[in-house]
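The structures come next, written out as structure tokens.
Both complexes shown next keep subunit A, but they swap its partner, so subunit B is in the first and subunit C is in the second.
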Partner chain A sequence: MRCRKCGTTAVINMRHHKLALCGEHYVEWVLAQTDRAIEKYKMFTRDERVLVAVSGGKDSLALWDVLLRLGYQADGLYIGLGINDPLPYSDASLEKTRKFLEFSIQYSVFRTGDDTQHATRITHPSTPLRSAQDASRFTPTLHVIDIAQTYGKTIPEIARAKMRGQGRPCAACGLTKRYVMNRLALDKGYAVLATGHNLDDEIAVLFQNTLRWQTGYLARQAPVLPASREGLVKKVKPFCRMYERETATYALVRGIDYIYDECPHAGGNLTNFYKTLLNQLETESPGAKLSFYLEFLRARGEGAFEQFNRVEELHACEVCGQPTSAPGRCAFCRMWDVSRVVE
Partner chain B sequence: MRCRKCGTTAVINMRHHKLALCGEHYVEWVLAQTDRAIEKYKMFTRDERVLVAVSGGKDSLALWDVLLRLGYQADGLYIGLGINDPLPYSDASLEKTRKFLEFSIQYSVFRTGDDTQHATRITHPSTPLRSAQDASRFTPTLHVIDIAQTYGKTIPEIARAKMRGQGRPCAACGLTKRYVMNRLALDKGYAVLATGHNLDDEIAVLFQNTLRWQTGYLARQAPVLPASREGLVKKVKPFCRMYERETATYALVRGIDYIYDECPHAGGNLTNFYKTLLNQLETESPGAKLSFYLEFLRARGEGAFEQFNRVEELHACEVCGQPTSAPGRCAFCRMWDVSRVVE
Partner chain C sequence: MQITFRDKQYETKPNITARDALKKIGLDPESVLVVVNGKLVTDDVVLREGDEVKLVAVVSGGRET
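Let's look at the complex of A and B:
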């Protein structure tokens, strides 16, 4: 398979786009595609400060890399969940994230537009930056919030304490991450919070919601969740049209060293089952995953679920002041038994 | 596995209903479920004449059987498609349909409410009729329309002639069947046309339409398609909530001898692929198929796709007078090159 642009050996063949590309042109393509999504869905501009939620995985590190190379003012937020049993998953993830940032700053790939790679095994020069001048004024920061240090327990510990050892800690983890991300973004004055959700993530959720026709959720699933007056920060997913395989290939081509392992608690969950089904669909009809998502966005944009989009009434949590629909304390403060604000 | 009602050996275990039943109680259950669907969706009453489209397969024969046993005035329509190569599929189907009717009349199962079975290997007595008295006044008729005799060509022949040998004859077949069913139902004054579509059929179509978010089709998918003033007969699917496995078990328990083979042109089509995917889903979460359908109907009923339900303007075909949205001749008359009405 040859690169459509230059005829050298391709690193990826995207059947759904009928497009094969070499490493250099693939990186260029990912940058252009992401920038196009950012513009199309009005996610943010180069004048705004963006907070990227980074986990140390391929999607979030690739996203941070792409945003920096595109000249966006993108800082990172790593949340230490304390998932280190049986393997030091969280510690390893933070390590990868720190290394990524170090390399990025050291080689200033996003500053100078030169062709330095995160690793050396890739030989293709990367695409030049679109606005190297703007980018050169910016050095990214990584915020690290360690849950155990801040709130006294790791995620597995709080989940055990609250759920009496039953079920996965995923619900507690999700609630905590959403809270911490929102609060830090607000406190530090970021215009927008960006997450690395890729197309496969998005359609797994879409599929789940569609199978049960959860019209309220369908009404709210979008590449952009707007900010609320009450203090919910704007949330965006610049990779929402990128196949998981594409973000993985980007990370590989760029030599980004990411954490390969899934969270040890994620195994066998329903989302992965849906992803497997959707992959069968994609194999049968290349492009089916992308069109499932894009056609949903079109139908949604045409008002298919508009009447189900009830705006929840939010007010300030009586403890932390963050927006909540619950009366009194927010779900986070209740779960963590917070009775005064933790700074 | 034991029957929930009487403790004898069960013939079916319906995980999604958490219900195992013996032959006798299963038949009773199918009758009650179907009658409930007929009432819930306001399909037809015992005072109305129903035309059942019968193919000789399990679903349509089971439906006819159920309707007769429930005391509905249900006649059958068999359309001879002329698909007899490499095997006499159509001829065998007609044969099965005729035998079914013969047995039905001979043993008057739907008249007397006795426990006669279509075959003898089943020993369970069947459920008594709900209104044997009404039913006793009715003897069902089978209408047979042979396409080649009426229009000069079999379905494979017209498909070859019109499509230059490319693709399956399924589109030509579907168009022809819809036309013939509607016309006969109208000409003979039936209140409603009933088809044997089961839940698996319905959700395969729903799934296909959902994957592409074909909002116009989604707006119109329902257990009942109302009649139009212009001459589209009301169409209903009394088995829309029955799993394929359930209609098959009903046919088996009732000893209905149906044609097992699929149409030789159906192999490997996308619908079957979707059915396989949906079955994986069902295995993972029993009841997923039923809730996909029922929750869709709920969302649709709540207006999710209402704005996409554009009422097509219909007028009479200039040749046959049947309703069409096409200008001049209808699609059927164009395909079959009809220039005067065929009686």
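Let's look at the complex of A and C:
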């Protein structure tokens, strides 16, 4: 199969777009598509500081790479969960993330002294240059929060202690990550928190919520979750229209060394099961996944779920001050038995 | 010829497309990327005897959503 733009050998055929591209033109396409989504959904601007939640996986590292290449002020946040049994999953993930950062700095992302103009200059020849000037260098920062060092236990340990999720640590993990991401983004003054959720992630959740007609969740699923209350940072998903095979392809083409393994606790989870089902549908009906998501967003935009979007009264946690639905300590402080603010 | 996926080896006959090979070994073409002799390829590529074929799982992580 040949690249539609230059006729050389294609590395990807996107049947839902009827588009095959070579590596060089595919990277260009991903950059343009991501920038378009950022603008369309009013996620952030080049004048705002962005915190990217990075896990060492393909989606988050690809997102960080794309945002840096597009000239956004994107720093990273890695949360060390302490999942190292039976395999050193967390340690390996941090290692991949650090190597990515070293590579990014080495092969340089430049920004001009003028905050309104940015330049990216990376190894790939197709990188769009935002400016020819390289007056000053933007050096991305990686924030690392080690949960065991900060709160005294790893995620598997706190999950066992509290029996959340009946033995599986996923609920404790999700609660902790959401809390830490939100708090660090606010404390460090970031305008938005960006996550690497791709279209497959989004439609797996959409499918699950539709099967159960969880209308409240449907009302709140969107590419942007605004900072609607004090204490909540704006959250965005720039890859929300990008298929998972597209982010994986981008990572491979760009030579990003990401962690291939799944989290050892992910086996048998429903999200992956729904992804498998939806991929079978996509194989038989190209574009089905994209259509499912975009038509949902259209219906949501037209107010189909507005009546279910209840605004809950929020209270400030008596320990940490973060928003919580009930008076007293928030779910995070209760789970971790936190009685004073942890710096 | 052999196809490697997640440390497992799958046997298939040569001179068929990667897409057909994936179907024969029971994998959904949407769920993997095909790397032949170190290069990422589209699944219409015909696999030849002696090719080194590796598959990369599209789904990874296990992220809480």
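Everything below uses one rule, namely that the second predicted complex is superposed on the first by the 314 of 343 C-alpha atoms of A that agree within 3 Å, B and C clash if a C-alpha of one lies under 4 Å from a C-alpha of the other, contacts with A are read in each partner's own complex, and residues count from 1 in each chain.
One rule holds for everything that comes next: contacts are C-beta pairs under 8 Å (C-beta built on N, C-alpha and C of every residue); 3 or more make two chains touch, one makes a residue touch a chain.
This structure is a prediction, so every number in the text was calculated from the model and none was measured.
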Is A:66 contacted by the first partner subunit B, the second partner subunit C, both or neither? neither
Mind working out whether A:277 is in touch with subunit B, subunit C, both or neither, as first, second, both or neither? first
A:232 contacts which: subunit B (first), subunit C (second), both, neither? neither
Of the partners subunit B and subunit C, which touch A:155 in the superposed model: first, second, both, neither? neither
Of subunit B and subunit C, which one touches more residues of subunit A? C
Now for A:253: first (subunit B), second (subunit C), both, or neither, which partner does it touch? second
Check the residue A:213 against both partner chains and state whether it touches subunit B (first), subunit C (second), both, or neither. first
Hey, what residues of subunit A end up touching subunit B and subunit C alike? 280
Inside the complex, what are the residues of subunit A that reach subunit C? 1, 9-13, 20, 23, 55, 57-59, 170, 173-174, 177, 197, 200-201, 204-205, 244-245, 248-249, 252-253, 258-263, 265-266, 269, 271-272, 275-276, 279-280, 282-283
Note which residues of subunit B are touching subunit A in the complex, please. 210-215, 270, 273, 277, 280-281, 284-285, 288, 291-292, 295-296, 298-299, 302-305, 307-308
Touching residues of subunit C toward subunit A in the complex: what are they? 28-31, 33, 35, 39-45, 56-65
